[in-house]
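For reference, the structures are reproduced in the following blocks.
Here come two complexes built around chain A, the first alongside chain B, the second alongside chain C.
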Partner chain A sequence: MRSTGILSLAMAALLAGVTAGNALAQPKKGGTLTYTYHPEPTALSTIATTAVPVALISTKIYESLLEYEGAGLTPKPGLAESWTVSPDSLTYTFKLRAGVKWHDGKPFTSEDVKFSIEQIALNYHSRGRTYFGNVAAIETPDAQTVVLRLKAPIPYLLRAFQPSETPMMPKHAFSEQEIAEKKVRQARIMQEPVGTGPFKLKEWRKGSHIILERNADYWKPGKPYLDQVVLRVMPDGAARAIAVEKGEVDLAPTSALPPAEMQRLSKLPHLVASEEGSEGLGPIMWLEVNLRDKPLSDVKVRQAISMAIDRDKLVDVIWYGNGKPARGPIVSGNPNHFDASLPKFEYNPQKAAQMLDEAGYPRGAGGVRFKLTQNFLPYGEEWVRQAEYIRQELGKIGIQVETQSLDMGGWLKRIYTDWDYHFTSNFTHNYSDPTIGVQRAFISSNIRKGASFSNSMDYRNPRLDELLLKAAGMQDGPERKKVWNEVQAILRNDLPVIFLIEIGYTHIWNKRVQGLITNGISMYTNWDSVWIQ
Partner chain B sequence: MRRLATFWLRYRRNRGAVAGALALAVILALALLGPILYPTDPFDMVGRPFSLPFDRFPLGTDVAGRDILAGILNGGRVSLLIGVLASLSATIIGVALGAVAGYYGGRIDDLLMRTTEFFLCIPSFVLAVVLVAIFQPSVVTVTVAIAVVSWPSVARLARGEFIAHRDREYVQGCRAIGMPDWEIILLQIMPNALPPIIVVSSLMVATAILTESGLSFLGLGDPNLVSWGYMIGVARTVLRTAWWMAAIPGVMILLTVLAINLVGEGLNDALNPRLRKR
Partner chain C sequence: MKKATFQFVLRRLLQVVPVVLAIAAFNFLLLRMAPGDAADILAGQMGHATVEFTEQLRREFGLDRPLYQQFFIYMGKLLTLDLGMSHLQQTPVVDLIVDRLPATLILMVSAILLAVIVGICIGIAAARRQGRLADNLISVAALLVYATPAFWLGLMLIVLFSIKLDILPSGGMMQIGAGHEGLAHVLDVTWHLILPATTLGLFYVAIYTRLMRASMLEVYGLDFIVTARAKGLSEGVIAWTHAMRNALLPVVTLAGVQIGHLLGGSVLVETVFGWPGLGRLVFDALLQRDLNLLLGILFISSVVVVIANLVVDLVYGLLDPRIVHR
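== the complex of A and B ==
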């Protein structure tokens, strides 16, 4: 009897512990979050480059006017306490929060905002022109008010104020000479950041680590919860995986580990692997097709190719389950613009072969209808495996494919400068709005020799151009959604590219890390609410 | 006939060489007949990736669900083909240049040997990587690249042999009866100079297979063909989870190279009578 008593006591204690654990979903202060990513950032500001490693760390140091909630990036107050948009969508007025200080103690004012947009983002951020090209003037009636006057509506303007896209930079940290001589990217602040964010730079030992420490004067009371955010630089993929497995590192964001290792680690009980939290980037992969010559200029041929590829198998086998079959140009994780009624692309090799017969490409000697050359994006092993798979599947419907491997420089030249290719795998980001990420690949005005990730296919569809331009000037809402729905329908039917998969960014973290996934750009937010159990 | 019999008698004395010849015969048979008897396409996704050997597929499947046995059989073809062709072309180039240099001497010798030294002083694998990278990987460029980096050693050897023979009495006799130079080189000296060259070029097949594997491992093989080096390259990323995927083609390369080296040793014993009582 006695032993049972002890047992039930123990059980009760255990239960209490469990419920306490649940109730303890209350954030705890203190602790260090260590993450790993390769390669090491080259600078600590996305103004220098928007590469992933730079965006990951600089977004903890710099903030923008707004913060965002949910996968669809609903704007919330950030450095701007409130904002109003005029009925004609041509005037945006932001009220700035009072008492915000830069890491060096100087106050943050409307002058900094004007400077950050006009002098920095517009001139130096790779998407600055898309965001602010239609801004006519920026007025600063007082230190807490900023007014943006536009020449034409910018429907996605409220999503431009992300810390990686429009970081607020301190005007006083740049010399007039740096601005005048266009030496902003070489400025000292790119290496020694001064932001308003919850963390500030403590130490950067190149080749080893970066330590960010808590900003004690942060404007959000009680935040951040963490004392430190540390980046450990580890060039070897297997070593990164072991560090995460052993708990030396808490987080490997944005697919920082080799796919085979991610698959192995995702099964471990103390780790969480999630594809959530990157919806705002919208990575999508397709086969870019050169439409200049027969037979690829024939839409029937492209439809047959699309039908010959099993996208589920691609995701499962080549990408170790990281991703989803694409259903069109806009990723399904984008709730504002994706047409959810679109079905999956059909996989049916028999029908594909039949379509090629009907299109007038009968099988010749050895069952071959015609020969094509394929290239692939030289980003690593998986891209080679994918090319091999595609060659195999197309071979079965009578298209003999020869694979050609090129390095990054050779690939960019062949696809975007020489336009001398049949088809190639390619991978781009949708970003928060299709006008930013989708338009550039399909609009005929972007058939520009030498411009990378442009319309290399020579796709010209006047109706589509008209729709894309229309959408670019509309405010989000049911009307704009209708325009995007038509765009998706046209591109799905014309297939100027063969949409393959929405590559998933997998983030792997230790279960003791809490509150990491908050919105569609979770790895590019400031982590002020992240805490360690 | 008698010469062949004495050759075999000498060769047979080296037991390792006999074992090597047997192993090589088996590997050649596998490479030649294997793909016919086991017609699975090595690039076809036939089943679940990472399945273990001796399960559904004789040697399991690789990272993309492709049959490893099919890869080994087809890859053997490619590896051996490139190895033999590259070493054959290297031998032809090397012997031609070495013969001319050795026979004529003087300025021609100087010119050809300085060129040879130029190639000899660049690490051969690095040069092969550069060549393949410039001319885009394909089975032809890989073969040519390996041949280009391999011929200098043959040229040096052939030159030495020709220098040793060019002033012998039988050659002087040929000159005295007015035999043209090409006839002396090809029909008189060549048969006498050939034995050591055969040994070296047989060993070169092994080096060529290793070079090809190295190139494929680095992703510089023909992307349309499976080879053993390519299979190891594919398996490299999963070495911690599926070691056998790299080990199987690795063992094949090991066995083939070992067999060729043993055969080369045997040939040396049989063809170089001076060394036979070592």
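== the complex of A and C ==
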């Protein structure tokens, strides 16, 4: 029986692990890593969409110029074997590795790099303009050298070369027509990828599975260890959990299982559950508040709401222990920009009620001060339960809340195009730098109808705008850190959004899988060093 | 095929064209009433997008044109059987459907065959023992199965047969990477089909059991059965040859009507078992406002339902030669 075979294999692996001890274990070649995630990718390139399922699989196929180490994403050589930055931070010179080949056998050159940034990332990647908007020119003096000349410093430029953010694409795989008519998303390569990565596409049975196989010509000698990476498409959350529990699937990355199941599985001896490895994404959840009308335009009211919500309870009860209370706009796992001196937000319903009294909103008939409508992100039942919890807690301090349910299309339109809401749960990413992930939500120039995950709140603070723009033009260091500290202090005080929790991305894997967590974007790296015991 | 029957089929097929086009037009307008479009969703999925980026997507998808233009473009293409491109997957809708349709058809046909055959047999068995213990047990069991939600039943079957007993796979349509071919592939798929087809079919087994039982009892009261008994025919012969054929018509009618319903039910079952059919595709397309894909699936589904009903009409003629197709 197939599954019994896998089970006994798992048992054997487990015993081997116990006797050998993980620290001493030597990487072993061969084997298949099967993971599951839902929904199924719609394409095999983050140029088509950067949605999680696409980023998970395409980063094994495509690479970028650099690789990264640690939670703070320290750059190290990748397709570029070295790089230099001029003293004024306006010229970046990358030396490309010689002998790297695309999966179709053609050589990878500086022309591909120029093309990938100018034609692809800038025009099609949702963050392309953020990363490369200040690039004045890209020069290719020879096939192995790329020079980026900037109009103004880009502090996070060296963190932009992640495989999901700036994938290197082969220039020769696109027709002139596709480029000229802006039809890159329809190009064949979106479904039949040609990268430089350690794995290449073997089979994609839509609705069932994707099989990637080892790239025998990979430029790192001896890598990858795995023979295959398989994605099993399993739409039902409970069924995914069963498959992981049974050992039919080795890995459920990026909170691929329902939180209740993750909590259950994390206690099983043959599985590992970890929130490590997503620091570079910096996922954070907050209540987005429409500041256009009273009473939410009153900062005292927002502070009272913040004080009425028990964030620890949210984490423990609604999210089954997944994540931790947020302490501001930047996640605490970000070692470069988070202000570690920030305390937790206070939970004190009595004081919250008192603050509402002082703000001029006394209790009226039935103990109600005023009524609000809340929306929530339509990402699943936990979000509904969280809305229910918030309704209940705010009810205790005299705010009567009515909850409205919308699907994703309706939610996006209501919040970001119509601005027709009081408050809603929301979930965004810091990414590798606050200028990418934090600025966009709070800078006043981003109060624009139709821009998703922007400043829908109508929050305008000239001092904050000034700081955000200043930080955007500085290189990382103590001076820039100071600017970010002030940004965090201002936003904690103004509360244009009620920061709730740093929602954890939990990855669950079978103990036989080794070497998975390597940096702050562990699920979006190429897994060339992952192996199976 | 008789000439009259041939003309009947031809006429019915011609009638299908305006019906299916009307369904497509209605679907188009209905779906456009929902707030938000594919450009919003795709931009939203990417975490952060500027207004210009979203507008660029809208232009790429042709969603920036006035609604009436989009409508006429879509209907015009439909007349040439061009279902357009999926917005989110940037792949021709026809390709996506062709990838998935066979899996759904296999699941549906197995489920309906299971339901009709088992339902008829149990229904007859119950009718022959009317009022006795076996009849009562069958009725209660049918009622229970009828009231059980498919997704729950599916999960329970997985727990029992896949986890506890470990004799059937928990999901998927084939062993991934095994590369079976020919007979081995057929057996592999059949092996994976058992649980989902049972889950989808059981609900209908319950319905057909009750229907067949009632229908048989009605036929048992007719004169020709009394005559048959008087001739001294055995109860078995009476049940399986005389009564069954006459009692079948309502079951066949219902089976035809329920094809559309079955297609809906397969969404849940395909989700639970990770069965790579149309069901899940339609659900995701709806959430993602992938209008072209959704319209394409609904179009193909309506064609399948209309054709299934035509087949049922033809089966009538086989069961009861007195029915003449005009």
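The rule is simple: the second predicted complex is superposed on the first by the 509 of 533 C-alpha atoms of A that agree within 3 Å, B and C clash if a C-alpha of one lies under 4 Å from a C-alpha of the other, contacts with A are read in each partner's own complex, and residues count from 1 in each chain.
Throughout what follows, a contact is a pair of C-beta atoms (placed from the backbone, for glycine too) under 8 Å apart; a residue touches a chain by one contact, two chains touch by 3 or more.
Note that the structure is predicted; figures quoted are calculated from it, not measured.
Asker: Given the alignment on chain A, is it a clash or a fit between chain B and chain C?
Answerer: On the shared chain A, the partners fit.
Asker: Which angle, to the nearest 10 degrees, do you get at the Cα centre of chain A between the Cα centres of chain B and chain C?
Answerer: The C-alpha centres give an angle of about 40 degrees at chain A.
Asker: Is A:Thr34 touching the first partner chain B, the second partner chain C, both, or neither of them?
Answerer: Second partner only, chain C.
Asker: Please indicate which partner A:Asp420 is in contact with in the superposed arrangement: first for chain B, second for chain C, both, or neither.
Answerer: The answer is neither, since A:Asp420 touches no partner chain.
Asker: Looking at the overlay, what does A:Glu466 touch: chain B (first), chain C (second), both, or neither?
Answerer: neither
Asker: Tell me the contact category for A:Ala238 with respect to chain B and chain C: first, second, both or neither.
Answerer: both
Asker: Looking at the overlay, does A:Glu139 come into contact with chain B only (first), chain C only (second), both, or neither?
Answerer: neither
Asker: For A:Glu192, select first, second, both or neither according to whether it touches chain B, chain C, the two together, or no partner.
Answerer: neither
Asker: Under the stated touch criterion, name the partner, chain B or chain C, that contacts more residues in chain A.
Answerer: It is C that touches the greater number of chain A residues.
Asker: State whether A:Glu69 touches chain B only (first), chain C only (second), both chains, or neither.
Answerer: Neither partner.
Asker: Give me, in Å and rounded to a whole number, the least C-alpha distance separating chain B from chain C in the superposition.
Answerer: 8
Asker: Between chain B and chain C, which residues of chain A are contacted by each of them?
Answerer: 238, 406-407
Asker: Under the stated contact criterion, what part of chain B meets chain A in this complex?
Answerer: So the residues of chain B in touch with chain A come to 41, 43-45, 49, 63-65, 133, 136-137, 219, 223-224, 234, 237-238, 240-241.
Asker: So in the complex, which bits of chain A are touching chain C?
Answerer: Chain A reaches chain C through residues 1-4, 32, 34, 39-40, 42-43, 48-51, 126-127, 129, 182-183, 185-186, 190-191, 205-209, 211, 228, 230, 232-236, 238-239, 242-243, 245-246, 248, 406-414, 416-417, 428-429, 437, 440, 448-454.
Asker: Where on chain C is chain A touching in the complex?
Answerer: So the residues of chain C in touch with chain A come to 34-37, 40-51, 53-56, 60, 85, 88-91, 96, 99-100, 103, 151, 155, 158-159, 162-163, 166-167, 169-177, 270-277, 280-281, 284, 287-289.
Asker: Where on chain A does chain B make contact in their complex?
Answerer: Residue positions touching the partner: 237-238, 258, 260-261, 264, 313, 317-318, 381, 384-385, 387-389, 391-392, 402-407.
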